[in-house]
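As written, the chains take the letters A, B and C, and residue 1 is the first residue of each chain.
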Amino acid sequence: MPDTGIEVRDLHKEFPVRDRGLFGPRTTKTAVNGLDLDIPAGRITGLLGLNGAGKTTTIKILATLLRPTSGTVRVDDLDSVADARAVRRRINLIAGGERMVYTRMTGRENLWYFGQLYDVPKRELRARIDELLSLVGLTQAADTMVERYSRGMTQRLAIARGLINDPAYLLLDEPTLGLDAPIARDLRRVVARLAAEGTGVLLTSHYLAEVEELCAHVYVIADGRHLAAGSPAELKTATGSLGTVRVTVPQVPPAVAEVATRFGATRTPADGGGEILTLRSPDHMAGPLAAAIVGAGGAITALEIKEASLEDAILALTDGTVPGPVVLA
Amino acid sequence: MATATAWRTGRATTLRTWHMTRRAYPWTYAVGTVLPAALTIALGYLGFHAIGGGETGADFAKGSGTSAYLAYLAVGATAFQFTVRLILWSAKALITEQRQGTLGALLIAPATRLPYLLGFTAFAVLSSIAEFLTLGVVIGALGISIPVASAPGAVAGALALIVAVFALSVGLGGLMIAAGEAHISQNTVFIVLGLLCGYTFPRDYLPGYVRWLAEAFPTTAAMDVLHGTLTGGHTLTDLAPRLAISLLLSAAYLVLGVRTLPYFERRAVERTY
Amino acid sequence: MIDATRSAARVFAAESLKQHRRLFGQPLVVFSMLVWPILQLATTYYTLRPVATASDAAAHWPLAADPHRLLAFLATGTLAYAFFFSLVQSAWHFSFERTTGTLELLFLSPAGRLTLMIANGAGALLQNAWLLTCFTTAALLGFGTLSVASWWMYGVVVLALLIPAVAWGAFLNSLLVFSRDSAFLYTVLDEPLWFVSGVRLPHFALPAVVQVVGAVFPLTGSLIAVRGALLEGDTLGALAPTLGWLTLLSALLLAAAAVILRVGEAHAQRTGRLRLA
């Protein structure tokens, strides 16, 4: 089978909504509205957007749990609706905060159970279970009932479950949600290694630093629509590298207030008295702002410049500060 | 003073339960409580006509003091259903609080437990009336008429049954919260009472040692009074000794239950924290 | 074909382990599948004894004349009822996988859906029923009331119980996975099931309407076949109509399960909700 990756073309998903009970008027809610995505093998692709942007719906469609209203999803040239069963063998999904395993079975038995459902060849299965248990650090607890696991251990087992069929494509929906920092770091290493070995990964995460660290390519969506795409660096450049300039002033005489308005800075009370003027702007605006405040007879107690991060880029995009769609290489 | 407080606790519990149940009454619950009794009566009815040809064996009359099998069965099945209903409300009151997370609030309140549980029982007795009416329709539709040999006796028997079930429920409720389990204990109690206490068949059928075991439950003597004064053709005076035994046993269970309840409550708190 | 059979066998193995871990050694199983049925059997026996000992009873129902045979009649009813009701319980439990989220993982996997439902029911049945089966077999042999046409009729008995029960389990599993109010089904399938299926009364004693309703439930046919083969010495030929009906009913239940799964999963894929409509 050619590793042509996951190709999403013109994906639409509408949910029927029935207001006020059984006989209420029927409407539809559009969750995904014309998305195109490419998730090639061997790359970690990010999917970003604010809550309600349509990320989870998109991932569930890719996982065959939801069916698109229109548009196509092809996984290694297999249609995800027509060839759903073959597609299911090639993918797996790990949802963050997920503790969906059977508590009355041991960790090893849970993995064996899902291995059977995925029809993993018997000889491979035994070795893979050991390998996965060690990967998520559960070798010691392998034969303990899951009901005696801690929350973190259950979550790690859920991650191992998502890898039981050695998926060609791994869908990660907020995988590190609620994980302890060291475990989250280990998971990131595992994901990076899997991608290096050829697995195609789709990652959504609220921790943008994580996306910035891992993803070679990022799609930004809002309201189910494509907003921007590119590498994290490209996204930052394209959004005009909006860093943050924070100037703390002891008091705000009318002339300084006028400067703040002119620059479009927001004003918030500072903890130790005075105010903070915050300006989302390109880095070079820090100097002119400071000069203008001093020129207007104001004083400055602190000045902080934060470099543009992916977070700023996403916020700028979804706020509409930068008009989308921004399409990059 | 103490009586007034107890009265207020009991009344408040009855009212609270009434409101809560009225708001969210699962109708499957009603079906689940009326249906078993109705089906048992129907089973007897069909068997009586299709198999017995409208007659019963001689040992039935000897054991029950009547040949009115269907009336006997209707009384027994109804009384059994009533027993189940009362235990479900009274014995499960505390564990329900525990599951809702309100047991702690209840335990630190200064009110004593007995009026609280009596409040639940009062509610169960009241709300069962509607269900009895439904059962009455079934019994009437099958053309079963129930002879009443002694009305005061029947009332005394019914009251003795309520007291007996309540007395059993106090201790059982304690056991439930201590064990954190209701399903197995309640169903086992139902099924044991149904087999031993002479609800739907004369106890003479049971092997001797089992009959003695049955005497350990106050419900057994109470059912003797109820059956005897309805279909059995006895007066209250005839059955006064059985009534006394039932009440004495109930008193013993009640004292035991009330004495052990604080211990079980402590165990329940220790188990969950 | 071989591949499909092999992967189905693996799903069976997986579900069997799951049910074994969930049920084996649980106090509830011992009570609900052994203690309660036996005590209930005694209560039913004593409740029916007055009519079975009536002077006319033997004329209406020859079996009633012998207390041991009456007990054997009720014991087979208890056993078969326990089989079928344990599947109601298991389906009820299976429907909880909706809330724990593991159901979504099952639908994420490539495992055959109908296979999963059948395997889940069969696994539960094996775990639940062995205690009572051993007890009933010992009791029937002990009473000396068995009257069997030939040794292989025991095989027919086992099949007449198992196949319809497993089909019933698969049907209930599929239905409850997509039902909002499973409490309703649970209530309806508990008490009324024994009544309409002739668990505690011979078939002829039931009114015609009840017999018609009862015929829809595979438990009814199973009981006729089991009792006929074990207590009346019926031959395969005599039981052929009943067995034919059972086969048809089992096929219908499995077909219905397949349809429910297809419609239910399609609906879930469209709306994101596990419901039938």
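Convention: a contact is a pair of C-beta atoms (placed from the backbone, for glycine too) under 8 Å apart; a residue touches a chain by one contact, two chains touch by 3 or more.
Remember, it's a predicted structure, so these values are computed and weren't measured experimentally.
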item: Touching groups left behind when chain B is ignored (all other chains fixed); value: one piece
item: Chain whose average C-alpha position is farthest from chain B's own; value: A
item: By count of C-beta pairs in contact, the leading pair of chains; value: B-C
item: Chain nearest the overall Cα centroid; value: C
item: Centroid spacing, where centroids are CA-atom means, of chain A and chain B in whole angstrom; value: 59
item: CA centroid of chain B to CA centroid of chain C, Å; value: 31
item: Whole-Å gap between the CA centroids of chain A and chain C; value: 48
item: Of chain C, residues touching chain A in the complex; value: 6-7, 10-11, 13-14, 17-18, 21-22, 100-102, 104-111, 116, 266, 268-272
item: Residues of chain C touching chain B in the complex; value: 27-28, 31-32, 35-36, 39-40, 42-43, 46-57, 59-61, 64, 183-184, 186-188, 190-192, 194-195, 200-202, 204-207
item: Chain A to chain C touching residues, read off their complex; value: 15-16, 57, 60, 63-67, 85-86, 88-89, 92-93, 98-102, 104-105, 109, 112-114, 116-119, 161
item: Chain C contact footprint on chain B (complex, rising order); value: 26, 28, 31-32, 35-36, 39-40, 42-44, 46-53, 55-60, 69, 73, 183-184, 187-188, 191-192, 194-195, 200-201, 205-206
